[in-house]
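What follows is a pair of complexes built around chain A, which joins chain B in one and chain C in the other.
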Partner chain A sequence: MLEQKIIIFVSFGYMGLLFAIAFWGDKRAEAGKSIISNPYIYALSLAVYCTAWTFYGSVGAASRSGATGFLSIYLGPTLMMILGWPVLRKIIRISRINRITSIADFIASRYGKSATIAGAVTIIAVLGIVPYMSVQIKAISTSFQLISQYPDVYMAKTATSLSATKDTAFSVAILLALFSVVFGTRHLEVTERHEGLVAAIAFESIVKLIAIISVGLFITYGLYSGFGDLFTQASLVPKIKQLFVMEVNASTFTGWYNALFLAMMAIFLLPRQFQMIVVENVDENHLKKAVWLFPLYLLAINIFVIPIAFGGMLHFFEQCASDPVCKQTLPETFSGILKFTNGIVDADYFSLTLLMAKKQQGLALFVFIGGMSAATGMVIVETIALSTMVCNDLVMPVLLRLPFLKLEQKSDLSRLLLIIRRVSILLIILLGYLYFHYVVEYYSLVSIGMISFTAVAQFCPAVIGGIFWKGATRRGALWGLLAGFLIWLYTLVLPSLGQAGFLSQDLLTNGPFGIEFLNPTHLFGLDVQLLGFDQYTHAVFWSMFTNIALFIGVSLFSTQNAMERKQAILFVDVFKYSSESEKSSFWRETASVADLRMLLERFLGKNRTDDALSLYARQHNINWGKKLIADAGLVSHAEKLLAGAIGSASALVMVRSVVEEEPLGMDEIMHILDETQQIIIYSQELEKATKDLEAANERLKELDRLKNEFISTVTHELRTPLTSVRALAEIVQNNPDLDAQKHHRFVGIIIKESERLSRLINNVLDFQKIESGQIQWQMTRLDFREVIEDSIFSTGQLIEEKNIDLTLDISNQAGFVSGDKDRLIQVMVNLISNAVKFCDPEYGKIQVGMYAETIKTGGNENRYLKVFVKDNGIGISKKDQEIVFQKFRQAVAGSKGRPAGTGIGLTITQHIIDSHGGRIWVDSELKKGATFFFTLPLLQ
Partner chain B sequence: MLDNRSITGRYIGLFLLGCFLFCYPVLTIFNLPYCLLGIPFFFFYLFAAWSILIVFVIFCTKIPDTFQSQGADTAGNNEKQSG
Partner chain C sequence: MKKKILIVDDEPNIIVPLKFLMKQNNYDVQTAETGEKALDLISSWQPDLILLDIMLPGMDGYEVCQKIRQEKEFNQIKIVFLSAMARSIDIAKGMGLAADDYITKPFATDYVVNKIKELLTDT
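Then we have the complex of A and B:
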């Protein structure tokens, strides 16, 4: 006999332990040494998903319909977690930036911080979760009732014991409410984060996992000798053997997908899951590990579900065979309930009853604690999440709008907020109790849970559509949500109330007012039998269909207001605007700092306000003494702080009351956020392009001018020798008796002038080739000394004529380069003849030389051949040194006017050197001569 | 180089693999009345496929800790300071 006192003592002891963990977690968080800041605790906290439904209900479902009866509820979340990176991470990021505190806040914030949407989501969530809450109350009270009558495994023998369960349930509900109040609303969080709570939930997740694995191990290896033995024994019982395979029919088909879909949605849309995955997320990188850790947890907690179910069935079917009442009432397919003479055995509680039947007192108590752990975890987190929503999105907006309450003048509202939250926790749990009291006894744990899953799935179009589709509007979301919710009420809740006797059965069989078309169990004449739809599939089909259709349809035909447009962009493009949106502000104008401070103090309390504002001041280098007017950034910051406490919709209303200026108009917001950003980039690019074009145009004009000049120079240069050639040729022709000496001289001049002509023409042709890139390079390995010698040879006459003193400065070492010999000779000839041209007319001196040099560029050492041609002529001014290499440019040298030549020789020279991978430059001072240098890469 | 898009692509690929492993027609293929290692074949398939999927997720999505999703840095720091 397990005394009730002991059970209660252990239960309270366990709760005390949870408090200690939560307290410790909060202390550590305050000290800045967070214990929850790692992916393992994060993944464990997500396991708040596994409630009494999982702990007890799965076993019942497995014994009724095998693996397909319960596994889809855990495979759905596994699939959804794999999508964690693209989907959940986006939701987490959006929520952190916008300081989202709940699923209602999230949806409302997306649709223009709409208070209506926030209220609607809250109502759907609260009413939707009520059945789920009742599951937990039922599980705790039933398991308590069971274990306290140890070792008697039968329950609800008489009407008195049934009402005793209900009394227990009431006490359980009250205790749960008190726990939740103390756990969740000890103080008002600015960010709605509860580090201690998360730590406690993670601990609970470990306890329930160990508990269920212990039962599994005991049954598999204690009662049987392993899986093989258990399944062999089970295969001898036809009712169990038929569960080894799934029944392939329309019903399992639709049921499988329906449960998979609902579970995928529930894993992040249930208020408590949203709280744990999104709001309590410390670091978005924890998601990387959680995407496999959490599915691994789900796998582990499910491994022993089938062995427990089969073990329970084996034992109790054997008992049944020897019980006269049970033997008669056992139906063909097991419905999860066995009716014995002494009372009933519910398959949902096999894990407990089997241990009790096998006299495992300690283990049974541990399983009871595990089940309680699963149930209380759910209730605590769910009520905290829901109470935040009720307070922020339902009660406060109404209270703030009631002028006679004069809430806006109250100095500290943080106490009021806490009271509202506590009361709403009590009310939500009370509703759960009432639902349990009147309805739940007719249903199994899993089937009640499905009602709640269907309700929260209604958030799916608004949430998923909201983060991926900018066009989704407030109206679309609202219509979709309301339609889905109403159909849920009509097709699931109404029939469950009808079954409980609140409504006439006539409604369920013949439809309202005898209109079969509107029958809630097969709406619009849907043939549920043929399709294999059960009531959940039926409800999910119609509610999701209308929800999605209205969400998309109404969105397409309605327009967004300014706030909606802004939020839509912030949500959908969250990764694009992450950094900017922190700064982005809806507020154009300013408010007084004192007003803002007062507003914050009212909701957050004085201490928290001081902390938050001094932090802001430190980050932005603000001295509050000097700053009297809050700029848009500070107003925005205050709004976000407030949003953390009272939700974004209410925060907007409150900030509006302080900031006199209206929020920005639509075009101005677009200005801040989207289009202008692109326009600015475009116009910057345009400006740049225009500038480039202008510069190019200028250059073209300049080139055009130079080309004209060049043509006149060239024609002039060509005409001069041509004129003299012609004049001399005429003289020769007209004077046949010209003396031989003169004749010889004249012909000599003619030859020289024609040589000059062909040189000029060659230059022009070369230049034309360079300009059009037609030069063919004949690259060979050559000793540059040969090039110098050859070029001096060909300019020898020129040098001698001018009586110039040429010195060669060539080392004995060969300088091998790779190059086109003729072109390189052209370079040297150009440079030497240039030097000759500008040399001192009386004492001309030219020095030509070459030597090897090592040049360091970056980390590399490159060996170059450096060649120079030095003259002692008029020199080139610094300004002209830059332009001598440009085409058609000639340095205008003092009073002597333009020198002879076309002005393209050096351009050609530079081009040849560049093409050989070298560099050419000039070093000179006016009146002190010039030295042209060039380098060529040396071959090894 | 690992970028945001290729990581997303991997996850979506794994999601589709999961959808395939647990889609109803595929389940019917493994819905056989035999036992494997003493475990009914259907149960064996479900848990084996589930485990394999998780192992795939672990190995296919190893994201270096140095990889920071864009903007995560600044936003994260701000939150830590003001949170």
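Then we have the complex of A and C:
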């Protein structure tokens, strides 16, 4: 006989141990020596997934339908971890950066920190989880009752015993609630992370695993001599043998895949799973190990499910055969319930009842503790997660909006937050109890769990779509969630209430008001029989279909506001913006540091605020003494700190209350766009400037090249007369007996070539003067005829030598101009020398002339002197005509033919004419000679 | 028999001393002011050596050299560039056209005379 006192004592002792572990975990975290910061603890904490449903329910499911009954629930998470880890990693990264506190916070934050979405997700989560919660209450109270009546394994199904069960369940619920309250909200500080809790949950995962493996080993090797023996014996019983093969038909097939899908979603969308995988994650890298450690755990905890089921069936079928009532009531296919004379045996609790039947007192107690571990773990984490959501996303947003509460004026709200959380934990568990009280007895553990899984699966489009598709909008997410939720209510919850007798059975058979089309068991006339849909598959099909359709459809036809747009980018491109999310602040304006600090203190408490702000100051090199105005970065940081405590939607509301400016409205956005426009214009200008610079650089390069060419040309031109001078001087020196005529001629050439040298040097110097603008003009009134005459006198010898026919075409009339005579002579000499150089070598002809011309411009008549120098040489091509006046240019350049002198003569000429108010140009045709014209203003 | 030297230059005042020097050293001399004229004289007169300027009106000295070297019958003709273009690239270009020498202006008369003697006694 196991005394109840002992059971209760052990139970409370176990709870005490959990507290100790949690306390130790928190202490270590405070000391900076986190015990949970390793992938093994992380993977174990994820095993909070395995609840009483797994611990007891799997055995029942395996007894009813073999491996198909339970395996998909564990294959789903395995698949999700192994194949879907990039999704999980992205969610973890996003949550860490945005200090996400819960699944509701995550979805709301993605859709523009929408309080509506946060509230909707919270309501769906709470209502969805209630059946699941009731499963745990049922498991603990049933197992407690069973072990209390040790060694009697039969559960009475009388009204009194039922109400006794319910009384037990109520006590269990109350105890669970108190335990969760104390456990989850021990600290006055409200944080999103609970290190001690994680440590305790990891410990619970070890306990439940060892417990189930112990039962398995006992049955397999204690009662039978190994797997082989057990399976052989089982195969002898027809009812068990039929479980050996998987019955494949439309129903098992779709049901199997449906469960697989739901489990894949549940592993990260269930509030407690999100809490453990995402919120409590210390290091993103832990996921890498958990990806195989967690599936390994699932494998281990499932290994003995079938042996336990078979062992239980073998034992109780044998008992059944000798019990008259049971023998009669045993149906063809085992439904999991055996009705004995003294009461019933539920396959869900085989692991416990078999041990009791075999008088394994100690082991049975250990299994009870294992089951309690599984159930309490779930309840604690789930209620902490849900209460956070209820507080942050449902209650606080409402309270903050109620002006009469004057919450803004309260100096410390962290107490209020804790109270709200505690109350919500109590209420959630109470709801779970009520569901158990009225509904659960009609369902097995597994089927109730499926209702909850279907509810949380509704988050899938909003979450997955939200992190991969920037176009997903708040409206799309909201419509999808609500539609999916309503269909869930209608197709799963409503029938379960109907089953419990709250609604008329007529609704389930004929549809509401007899409208078959709206029948909740085959909605919209879906032929569930043909498709092999069970009620869960049917519900999942319709809820996910409408959810996804509305999510995508409404998203495509609705627009995002600025906040949504920003959050969408932050979420989808999280790996791109990881480091700069704080900079990409949405707040254009600033707040006073004092206001911000006060706000933080109200929710976080003074110590944590001080810590957080001094850390921020260290990182950003800020002296709080001097900094009075918080910039956008700090405001954004404060909002994130606050989001860690009260969720992003509420944090937004609170920060908005102290920040002067509203978040960006249309005006500001236009302003920013304007600035962007400015930047674009500026960059275009910059681009243009760069191009100009490049062009200038090209010109400089060209100039450089020309200068090099100029130098080489000038040296060439200098070398030519020097050659004559030197050669002839040497000849004169070496030949003292040279005849007088030759001597005279040679020395004459030497003198002439020396003069040529001087001219060249003067040209170069003139050019340098022109370039630097140092020329001094000696302007006088002069008759241009004199200039021409003087020029021809200077070049006379050159003309004579080349035997050139020079004709002068000077009118009798004097042409008086104002000018520098020497410079104008230089112009004429230049032009005549050029003509001499280029005119036909055999029959050279040069014409020089001048005449007056009247040019009418507008109403004015201007009189000009027009001068020309014409030769009959090779001419200048049209192309070259444009460049002959440019400095360093030569009409005939480089290797082809002779250069036109230094390449600066015409440049100097042009400059002189320009300075006299005239114009110079050339008119020429190749091989027909060239004519240089220039004009000078005539004096009246 | 006197060796024949063709002077190709467009500067009369450079032809004067060159002509004097060649005559003084007992060479037969002809002069040309353009490349075209030079080529005519080469065919008709067949000089032994050409003193070739580069910067000429029309066809330049390089082209003249190239044209001569293309004809097998003129293979024996010595070509000496005599140019004011003194950059190494100009010299390399001239020597690359199979000229026998390249003398830059201004030159030392002795050097030119000796170089010509040297080239003409080789054969």
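In this text, the second predicted complex is superposed on the first by the 659 of 940 C-alpha atoms of A that agree within 3 Å, B and C clash if a C-alpha of one lies under 4 Å from a C-alpha of the other, contacts with A are read in each partner's own complex, and residues count from 1 in each chain.
As a working rule, contacts are C-beta pairs under 8 Å (C-beta built on N, C-alpha and C of every residue); 3 or more make two chains touch, one makes a residue touch a chain.
Predicted, not measured: the structure shown is a model, and the values here were computed from it.
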item	value
First (chain B), second (chain C), both or neither touched by A:Asp283	first
A:Asn734 touches, of chain B and chain C: first, second, both or neither?	second
Per-residue contact with chain A, leading partner among chain C and chain B	B
Touched partner set for A:Gly796, first chain B, second chain C, both or neither	neither
First (chain B), second (chain C), both or neither touched by A:Ala612	first
Which of chain B and chain C A:Thr78 touches, first, second, both or neither	first
Chain B versus chain C as contact partner of A:Phe227, first or second or both or neither	first
Contacts of A:Thr723 with chain B and chain C, given as first, second, both or neither	second
Partner chain in contact with A:Gly471 - chain B first, chain C second, else both or neither	neither
Chain B/chain C common contact set on chain A	none
Chain B-facing residues of chain A, complex	66-68, 71-72, 75, 78-79, 82-86, 89, 93, 96-97, 190-191, 193, 226-229, 231-232, 235, 244-246, 248, 252-253, 256-257, 260, 283-285, 288, 291-292, 295-296, 299, 303, 306, 575, 578-579, 582, 612, 615-616, 619
Complex interface listing, chain B residues touching chain A	4, 7-8, 11-12, 14-15, 18-19, 22, 24, 27-28, 31-33, 35, 37-40, 42-43, 46-47, 50-51, 53-54, 57-58, 61, 63, 65, 69-72, 74-76, 78-79, 81-83
Chain A-facing residues of chain C, complex	10-14, 16-18, 20-21, 24, 33-34, 55-60, 62, 84-87, 104-110
Chain C-touching residues of chain A, taken from the complex the two chains share	712, 715-717, 719-728, 730-731, 734-735, 742, 745-746, 749, 752-753, 801, 841, 874, 895-899
